[in-house]
């Protein structure tokens, strides 16, 4: 089995013109669509309904073309600040063609009750769903390069009947991401499961996964996973690494071109030649708001910290690739050391 | 005469601790403070009073230390989105020391009446004040590397008695910047003054200066200029160029290291070695919102376009320099071709 | 023919539970759904997609239950600031039952080309569609109590190929409302059509309709009208009047209880007894931002003026009715004298 | 001793023209300025510096005119959404004149260390400072009508070294208000001090003061109190009561005109005749976001809940008084039952 990854753009959350074309081309080429991961361009506030609209449009489009919409995992993340081009990636699978050696698996948990959220039960649900997706991908844990996960948010409304401790954690997208990342880390063997306790969530910066990107959302009650990995015996198709901070362009370049003397130039050439087929960046800023020792306003302004992160990161990655069509997201809680980030590249040829 | 340029940080708009130290050090070294240019970290909305607060704090600080506050030109610009470290530069002059060959001149126009704003009279006021500042710097027009200018905004309130045409232009920070940039361009000989008409303001994208950065503000009725240039016979101390777009990291690197084979690496080394003493970036996005042919949401989101630009640009420049302490601003109307930007670096040694 | 008007609430833009129930009840009672007018709770920014989502959900719901979705006119308006309860009204028609004497008519124009927008052609399209809707209602112009209209916005993107004059008017929701209101005024005979010129749009505060509420939107290219009126020979079912300003609670009360000595108390009693079946308020603030001679920050803050207006008006009307379920909208350009507003009440019994 | 209360308006946070006039008039009339309480018109975000600017301008103005600025207590609160006219009240004291029977006392605590904030120590500091202010007013606890208090916020930065529990409470303006209100309630005997524990803060909705309005702020580390009360033997000059909810116009009217058959009309007449000298409203919305049983978006939108509350409340109170110049604030945690509010009126004659 091999996997094709195709970028599509959108002119708005409900625009599926380019996605429809990508689905058509995939099917015409004998590929079965497996997953869609996209950014929508809403306000990223609690009353932003861009993901709900995009999901409705994408599900209708997939149902039209593929038939059974459940067979395609859809993960949507909001926020296209800076120079992020709204759009996403379609991942399709076939017995031949595409990027040889690239493996994909998807899985979805049962809906989590509110009382489980931001607790170890939430983490364990994430862990279990990752194990399922790895199995679906048909690879070993060690060959997993990236786990993309959607994790539910404990909303204020849903928390209203819960104990006061949990109520105070409501509406936190950071905790939704962090708790799921701990579960992924356990599934991948990146942390010792005995370290995991409720008290660790959002507090133990030393516990983190190195191959995960988590997106929170109120649109689902489930943990939803897409696993990407490399099949043994093929050239490496997908590579993930920790980048030092949001502006670590050298770190990103080195993940793209690990053997180069001039990694930035080599990465640019790889991008220009079309060998960089997809790039995912999850950036964070340390809790003290500092980057390379200097203050930023990421945590002390009217803008949500994620907007600062996404917009700044979009500049860095677009500068490196000469292209604004990447998947960029903020908030790397328990996905990387505090202040660091995760960068993944899918390469062909 | 030579000029020293010193960066200072702020923990808030009214924090002058570091500036005070810089002023003290300058005076102790025999330097006379000439100009302060700084970014404040407010919301950049019409009800953002961060500049007014910073001005009050800086004027008090300057009055305490320098005596006559009028002798120091202060230009403040709001917006520290992304990874911009709030702070600014102090420019001081002496007969020896500092950066040899770096020249500075400042000037301020009379207050403009509201009826003149966003008309040729506004442009002509900018032109005249630049000529004054160049004379004060004691250099020729051809040796000017950068004109920094504060230009007044025609507020809705001030426009309420004006003709309806002018009322409809009120509150536009873009037009405030654009009309002043046209005047600077005329002063520097970058455009033919016969091209300048009211109808050209904000419309003729082919008319632009190449050595100016303009900041709009409601806090002044005057055009206020700081001119930086190079004295003949010295190594080039300040260099300005057009960069292709917000993500043109190669263009920025080449302005820092024009003769290098590997400009990004050379620029990084110059920054790390301390030879990059100041960096100013004025970034723009083309009116269609596209960067390298791809859509962005800069003009179609809840965020002011300038916030997208500043935040994305902050990532690019910080990635290049490995440092978040630069001066970054959005909105390059008539300062560069649509979609392009202006980059200036002050280098020592 | 008579008309029933039913309020429904929503828990989000895509929640049609209560609307579905209202549609079911209407049909079970022999009523044919004619129109839905609702408020959605998005951010009311250019990247707010709450109306698109609501429209999709409502159209699906109507198609499910009514069959031919085109037969029901849907007008959506965003903004539930303050104490506005998200929701709307379903208007259904029958030969008997409902509110006797209440008449309804709907109509929709052809899509307007961008080049027509914010010109007299836009106004004339509004005028024509009102005439059609009045005819559909089967009443005389003099019996029209309220015209609700959705008017298209000239977006920046659509305007990019238009002359610079029109480009500068792009993205203005105020002008979209104003130009349509002038057309409605012409249709209703409230203003002399010879007064209407392009130059009057947004400028001639003395030209206004007295029986219209207009909502702008990027989701349509058409002028879409819902006309409500009274059939002669029945008790007055719907009454509209100008209110002095946003805080004119006496004016609102007097429209509800025109003959009372103590109108506020009488209005409250009418509301508590269930006789107030629907209330629509369109509030404005004069261009100088003053209310009863005192400054407000409606035009000089980070919030869109409409948000100030809607939120403040929601307090006034909810205080009067003891109920937060009304239809409240800001921006009364050419719908009332500058600073004034329009208030409509539908009463039964 | 008697007290004069004078309203002043501002055209911006640093405008002290009208306040200067009020100070001049007070002193010319033999009054000693005691307190200034004002609203500023910033964005009410963490990077809103309007209060810092206003404080600087007011302190300079007071220092110029009164001499020793410490003698005048200054409380500033941000947020003029809706139809709130930016401005405030000057309270001055004299042996004769002004409003007979109106008493004032002010006091300020020592700066609180971060480790005390949002704990019982914070509450106790508030309690002690109220006792001091009551003593300064020379009245009994039972004669206190209103305690206005500024309470410090535990900022994220200050909390960074504190235990994780306290770090999670950082940046909460609601908890800053709530904890201080509990202390005021203890000082006034409104709650049993044995009920007070850290666990009660922000959680025990049944514990509340009935005569307090608390404003949070990062600009002070102290609890700062202004107490207003009535001297026995005089007509009641200041009256406070709980209002049912934000839209309880009848409740407000009844506090102004307690003996009237038609309280709204009587309140209006009192306002129009000039007998209402000041009005303070502290409004809240219940944690479930409902008003009179219906949903609002106060806790589920892009706007801070306080902005919804202030804007809606401004409409209600302005509708009642026919005047937009009142002091309106949101967030009544532990100051009234959840969802209720506090209303105070100062009346003369």
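Letters A, B, C and D mark the chains as written, and numbering starts fresh at 1 in each.
Following the convention adopted for this analysis, a residue touches a chain if its C-beta (ideal position, glycine included) is under 8 Å from a C-beta of that chain, and two chains touch if they have at least 3 such contacts.
This is a predicted model, so every value here is computed, not measured.
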Proportion of interface numbers common to chain A and chain B (over half same, under half different): same
Chain separated most widely from chain C, comparing mean CA positions: B
Chain centre separation (chain B, chain C; CA means) in Å: 46
Cα-centroid distance, chain A relative to chain B, in whole angstrom: 38
Junction residues of chain A - those touching two or more other chains: 41, 43, 45, 47-48, 297, 300-302
Chain-level touch network, classified as line, ring, star, complete or other: complete
Partner chain C, residues of chain B touching it in the complex: 43, 45-48, 156-157, 160, 164, 168-169, 199, 203, 287-288, 297, 299-302
Chain D partner contacts - residues on chain C that touch it in the complex: 9, 11, 41, 43, 80-86, 246-249, 262, 264-265, 285, 291-292, 294-298, 300-303, 307-308, 311-316, 318-320, 322-325
In the complex, chain D residues that touch chain B: 12-14, 41-43, 45, 47-50, 52-53, 56, 302
